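Have a look at the structure below, then the notes.
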Amino acid sequence: MLRPSVSIPRRGRGPLWRDPAVRALFFQVMLLAMVLGAIGFLIHNTMTNLDARGIRTGFEFLDHRAGFPVSQTLIDYSSNTSTYGRTFLVGLANTLLVSALGIVAATIIGFLVGLARLSPNWLLARLAGVYVEIFRNIPLLLQILFWYFAVLRTLPSPRQSLSLLDSFYLNVRGLIMPAPEAQAGFMATPLALAAAVVGVIALAIIARRRQAATGQQWPVLPLSLLLLIGLPLATFWMTGAPLEWSTPELSGFNFRGGMQVLPELVALWLALSIYTAAFIAEIVRSGIQSVPHGQTEAARSLSLPGRLTMRRIVIPQAMRVMVPQVTSQYLNLIKNSSLATAIGYPDLVAVFAGTTLNQTGQAIEVMTMTMLVYLSISLIVSALMNLYNARMSLKER
Amino acid sequence: MSAIARDTDEMLIASRPPPTPQGGVMYWLRTRLFSGPVNSVVSIVTLLLIVRLVWPVIDWALIQADWVGSSRADCTSDGACWVFISTRWSQIVYGFYPLTERWRVDIVLGLFFTLIVWLVMPRLPGKRAAALMALVGLPIIAWVLLLGGMFGLPHVPTRAWGGLMLTLTIAAVGIVGSLPLGVVLALGRRSKMPLVRAICVIFIEFWRGVPLITVLFMSSVMLPLFVPANVEFDKLLRALIGIMLFWSAYMAEVVRSGLQAIDKGQGEAGAALGLGYWLRMRLIILPQALKLVIPGIVNTFIALFKDTSLVLIIGLFDVLSIIQAGLTNSDWLGFAIEGYVFAALVFWVFCFGMSRYSQHLERRLDTGHQH
Amino acid sequence: ATLDDVKSRGQLRCGVSDGLAGFSSPNAQGQWQGIDVDFCRAVAAAVFGDPDKVSFAALTAKERFTALQSGEVDLLSRNSTWTASRDNAMGLTFAGVTFYDGQGMMVRKDLGVSSAKELDGASVCVISGTTTELNLADYFRANDMDYNGVSFDETDQSAAGFDSGRCDVLTSDSSQLAALRLQLADPESAVILPERISKEPLGPAVRQGDEQWMKVVRWTLYAMLNAEESGINSDNIDEMRDSPKTPDDARLLGRDGNFGEQMGLSNDWAYNIIKGVGNYGEIFERNVGMDSPLTLERGENALWNDGGLQYGMPVR
Amino acid sequence: MSDTQHRPAATGEATPMVTISRLNKWYGDFHVLRDIDLSVARGERIVICGPSGSGKSTLIRCINHLEAHQQGEIVVNGIPMTNDVKRIEQIRRNVGMVFQHFNLFPHLTVLENCCLSPIWVQKKPRREAEKSAMEYLERVRIANQAHKYPGQLSGGQQQRVAIARALCMHPEVMLFDEPTSALDPEMIKEVLDVMIELAHEGMTMLCVTHEMGFARTVADRVIFMDEGQIVESAPPETFFNEPRSSRTREFLGQILGH
Amino acid sequence: MSDTQHRPAATGEATPMVTISRLNKWYGDFHVLRDIDLSVARGERIVICGPSGSGKSTLIRCINHLEAHQQGEIVVNGIPMTNDVKRIEQIRRNVGMVFQHFNLFPHLTVLENCCLSPIWVQKKPRREAEKSAMEYLERVRIANQAHKYPGQLSGGQQQRVAIARALCMHPEVMLFDEPTSALDPEMIKEVLDVMIELAHEGMTMLCVTHEMGFARTVADRVIFMDEGQIVESAPPETFFNEPRSSRTREFLGQILGH
């Protein structure tokens, strides 16, 4: 007998409001009406109030010349010609940069510290505990200031820069490196990189096949790294190194030419990763503890070594507890990057919701844009993580 | 076979007490710090590092420091100048609360700490009464006393609140409010009704997605644009609502992750006992889920506690902001380090307290379930 | 109208800085102090006869104009520079100038720089979201020079950044530079360059479209200036009122005419201001001048007849 | 066994306790229960057996709506099963269940596990609930473990707690899903004794078990399931001695064979 | 049963597979295992029985160091048990275990559960590992469920997966903690048949079970535990027919009684 395509509705013989379907529908319609009503009310009020106060609105300001410089620009920007709209993109790029770096570092540190907290090594566990208690419990702003001034204090002035090969310089203004300028024929190198990526994927598949056939396990990770680095490098040399380097030179107060890693970026990155890692460590700990002990025992009795037990058995199951919370921490990290203004890192809030807002006074537009940007970044991160979470959830009866 | 060799009817081996574990400082050191070559190296390096890093701090903060005085002129030594803190002490605690009315804050703070101690000390009896007092009595008393304007107490507007009392007020309200709200949202997110679920998801993702700063900014300087003219909201109230909604979204995700880890059989067993949805949640699912995610909950509490500093956006001064504002006073320019170190210490003490208590709870609630 | 709102509320809501030495910052007793704060108190005194009927809203640089636009505060007295765009496009009106400032630069001594013109390629620490940031850009462009800007959102941090060598130059309003120099680990290691690269007239602002309220604020300032010019201060004001020396004094202090009522205030409005807060000179000296740790000269802020720019319109 | 003659007349009652008619259930495309028809009289004791994966657990889980079915009707104690939450709760209040995996609440002590339903569903005073719970715990011989947590008990001890917990509800129907699977023979006997006593008090029971001894001596009817169908349903004598279907014979052959 | 005569000479081997001497273990102050002495020869099949909570599970869990003991010695396959992780892993590679609660990995399919150890520990090719896993799954008759997740299986099916998973390691010693508790009689027979086959291949087995039929027909030795001690240890004929201790007699009396 095949399953009926429509399950037969079994309407309750009780009163209508007891029927869960009717009840659910009613509540849902009510809720929707309320939410829509509230939104409409707010919009209406805002429009009337703006009118009454004669406040100018609109987005023309985005086309006006900004006229202030930004210390780190990942995309083309010049204080003379670029517009306020451009400041938005510049700030956004900077926010994304530090967030991405921070998320990677915080995840790694957080996992390590969280695992260390559960380590049988007393000292390691204690150290991890101290790490969490210190960095979780002090306001991030103070930590950012601490790292910033700690970093600055240890670095020499531009004239006493530490230099390497006369092209890398480290000083209080940051790490100054030669900047590459592509010449004809350089395109081969990125192409080689793409080829390497394809190669790595193929390698993974082949390794898997090989394992399936013979049981041999290849060191896929080192091989991939070799491929990823080696192939583009070889191509680069073979095509005759078609890059010109603009080397930095000390002229006047500062280095000119080359590219620069700002100490603000480093300090902010350090602080964000170390701070968020403390939270992630606790989440990792609770996730691992939530996995029933029987699972570890079963793995042990299958004589899986400790590392493999963690990787194959415990962590996949701990993910259920960890993923939503770690997502929250990622979102927090992204948002906390706006504390950058305290140390002069030009992120979105500093550049756009700070300087631009102040120059133009168009708070509603600027704040709305800022909020929407954070919201979209967050939603993307969160959507990805929820997808992952759904994949991790268990199949049950 | 020894069992066979035993006398058949008197084979019982009496239960013996377990062998006493080895003790002593040397044993402790050997097993904990120097149990192997790697461990020993790590231990020694760590100890050296601690001495190298911690000693200068102690020297600066305690040994060389100036403690008494009334102005910067009293700071003569090389160490920290705690005079700044001591002259500002009352402001750090009370903010701009009127001098003559500060006894009211004292009563509330006293009551607050008494209740906390009462709730936290496992040996003290009457937890239920204390909890009731803390959740119902204290807010009412605090509201009447701090705000005034009734029973002959002069009105103290919330603008005048500040410092530690403000931090604690916001943190307490935020913590007490966001947890239940978060639980409801988390349950809603796992609800079977699509619209309820959708609304909870939207709510959670919205609040998790926007920076609290912009929320407070909107709620403070832009709110008058959103509401009809001449509707007035207390600024603190706005901040409280904003903070509560914001953190409840985070709490919801923490709770959800706990719910995900609970075996389905638990809910089924509850259902089979005739418990309805809410009872099942309250008695069976949530206690286990919440226990599982205590670290996550405390993470959120700690983050919330520290984020109270953001109320500066709406012109209120918490501990950190009031210290920062004090540093701009022309009499005390240049004492930022002392101010920041002290602020860090204040936050650290409270957060560390929460953290320790939560770990104690985790241990106490561990019922040795191994599945 | 704002004046009626303020009166019916019984309190003036005044936006000040969340901490700026000499302009507004809380003292150990938790009272707000500074020129900007005293100006708020003066307006409160003019309206209510009581300088304490004011509540201060601490605003960051980002929020200040929005807070005023949205009606969160009645008056913005927060070291804001009077510029054309702010006056015209943002729905604000500046009511006068309480402090004539100019942007200056401080450099490390060991750079051996004596003029701002030699700063090509320097790193500059600046406060974000202020006119300072824009003036800086204009100045360097006008002189065909390059620079790296590092924008902090707190004065403290920018000074610390300068101190630790992150920047060669610290730029800010010169009223602040002097104070910031004192904060350095070694104040002798830095010098303030002679150039003023911009005009920074700081003054109170109100919402556009409310003439009456704007005039109350404007005349509060004039009353304080006129009082200083006539030698009326908070100590001698009672005897001056009882026996005014000149007809001007009599009119100012409400012994003659109904100038207060014309504005919607009481006739002793100016008396209340001086009695409660003091004349302009008193406020200046108390907060930023010789009686304060900042020890600024009067400079442009001296009265017109002392060679300065401060000029109170006659009460007539 | 001595109590065979005490059995109440299982079929003499007017309305049946549980009526299942043409019940069908699918997991995805997998047809677990196929056209199940079953009527259980008041006080009747039914043993369900059958090979692993034949749908025994699924069937009894349908009776208190832990699984929703797609076709057919279930009536428990005169209450027809619908999607209505209130009604489902009403049914569940009358139906106790012992799970194959026990599903004890690990955060509650044994005693608290047992008192949960009496206190919160039946609104009994705590003291009374605890007294009656202790009596049941006594019956399954673990009263001395009442203040331990489930995690500290051995498998058999946990199973007995699960039984006591279900009994504390004073249900009219009890569903047992292999209630003796984790017990040692001594314990099995005691648990079965408890179940027999309950039967004397007029309790209706559906019991999934492979204890053929129990089926033989206690059951009023033995049901044999295979591939989601009821293959055979007969009183134990008939079932064991003259099974009708060849599948049953095969199954019984295995049992008697080992 | 027909295979009784195929039993290998259990005591003929030189070194014993497992030797336990004067083993003592405490949970806090509770003395769970008291002076246990036990030597298991290669290919010997031992059944452990005893009342609930008598320490049976604890004993076999000590053999692969899932529980640490406080006093006494355990030697498995010539390797003495110490705290050294490497050595413990070496021992575990030779010791398979079937848990009372199955402890399947819920995030892996049945097949993945079975292939985990062959692939990662024994470094077998996946294809080969899967083939051999499918064979074992076939043996316990759930090859058709290989791609389901444990959560989608019935209790008995889960138990069979647990057995197959342990067998896939090709261990030299198997520890079974009530491997048939959730099975129906048919299935029990099949599982036991598998176990007997294993025994023929020379596998050593320690099996906690209350299947007295199994003990009688398959075991080389039956051990009766009570209150943490070995009360009786004898070949099944002796054990069932002329038990020495009165405690054993009492226990057997219960079994035969029902």
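Things worth noting here:
Every chain is named by a letter (A, B, C, D and E) in the order it is written, and numbering of its residues begins at 1.
The rule we apply is simple: a contact is a pair of C-beta atoms (placed from the backbone, for glycine too) under 8 Å apart; a residue touches a chain by one contact, two chains touch by 3 or more.
Since the structure is predicted, the reported quantities are computational estimates derived from the model, not experimental observations.
The set of chains touching subunit A and also touching subunit D is given as B, E. For subunit A, the chain whose average C-alpha position is most distant is D.
At the far end from subunit E, in terms of centres built from Cα atoms, lies C. When every pair of chains is scored by its C-beta contact pairs, the maximum goes to A-B.
Of all chains present, the one whose mean CA position sits nearest the global mean of protein CA atoms is B. With centres defined as mean CA coordinates, subunit C is found 42 Å away from subunit A. Spacing of subunit B relative to subunit E, judged by their CA centroids, is 49 angstrom. Note on chain placement: the centre of subunit C and the centre of subunit D lie 84 Å apart, centres being C-alpha means. Subunit A and subunit B, compared by their mean Cα positions, are separated by 26 Å. Shared interface positions of subunit D, i.e. residues touching 2 or more other chains, are given as 27, 85, 101. Among the residues of subunit B, those in touch with two or more other chains are 217, 221-222, 224-225, 369-371. For subunit C, the set of residues that touch two or more other chains comprises 62, 66, 70-71, 154, 160. Contacts from subunit D toward subunit B in the complex involve residues 61, 64-66, 85, 89, 92-93, 95-97, 99, 101, 103-107, 116-117, 120-121, 149-152, 165-166, 169. By the touch criterion given at the top, residues 263, 265-266, 268-277, 279, 283-284, 287-288, 291, 365, 367-370 of subunit B touch subunit D in their complex. Only residues 1-4, 8-9, 11-13, 15-19, 371 of subunit B touch subunit E when the two sit together in their complex. Across the complex, subunit E is touched by residues 208, 211-217, 292, 294-295, 297-306, 308, 312-313, 316-317, 392, 394-397 of subunit A.
On the subunit C side of its complex with subunit A, the touching residues are 61-62, 65-66, 69-71, 85-86, 89-91, 111, 119-123, 125, 128-130, 133-134, 136-138, 141, 147-154, 157-158, 160-161, 164-166, 168, 207-209.
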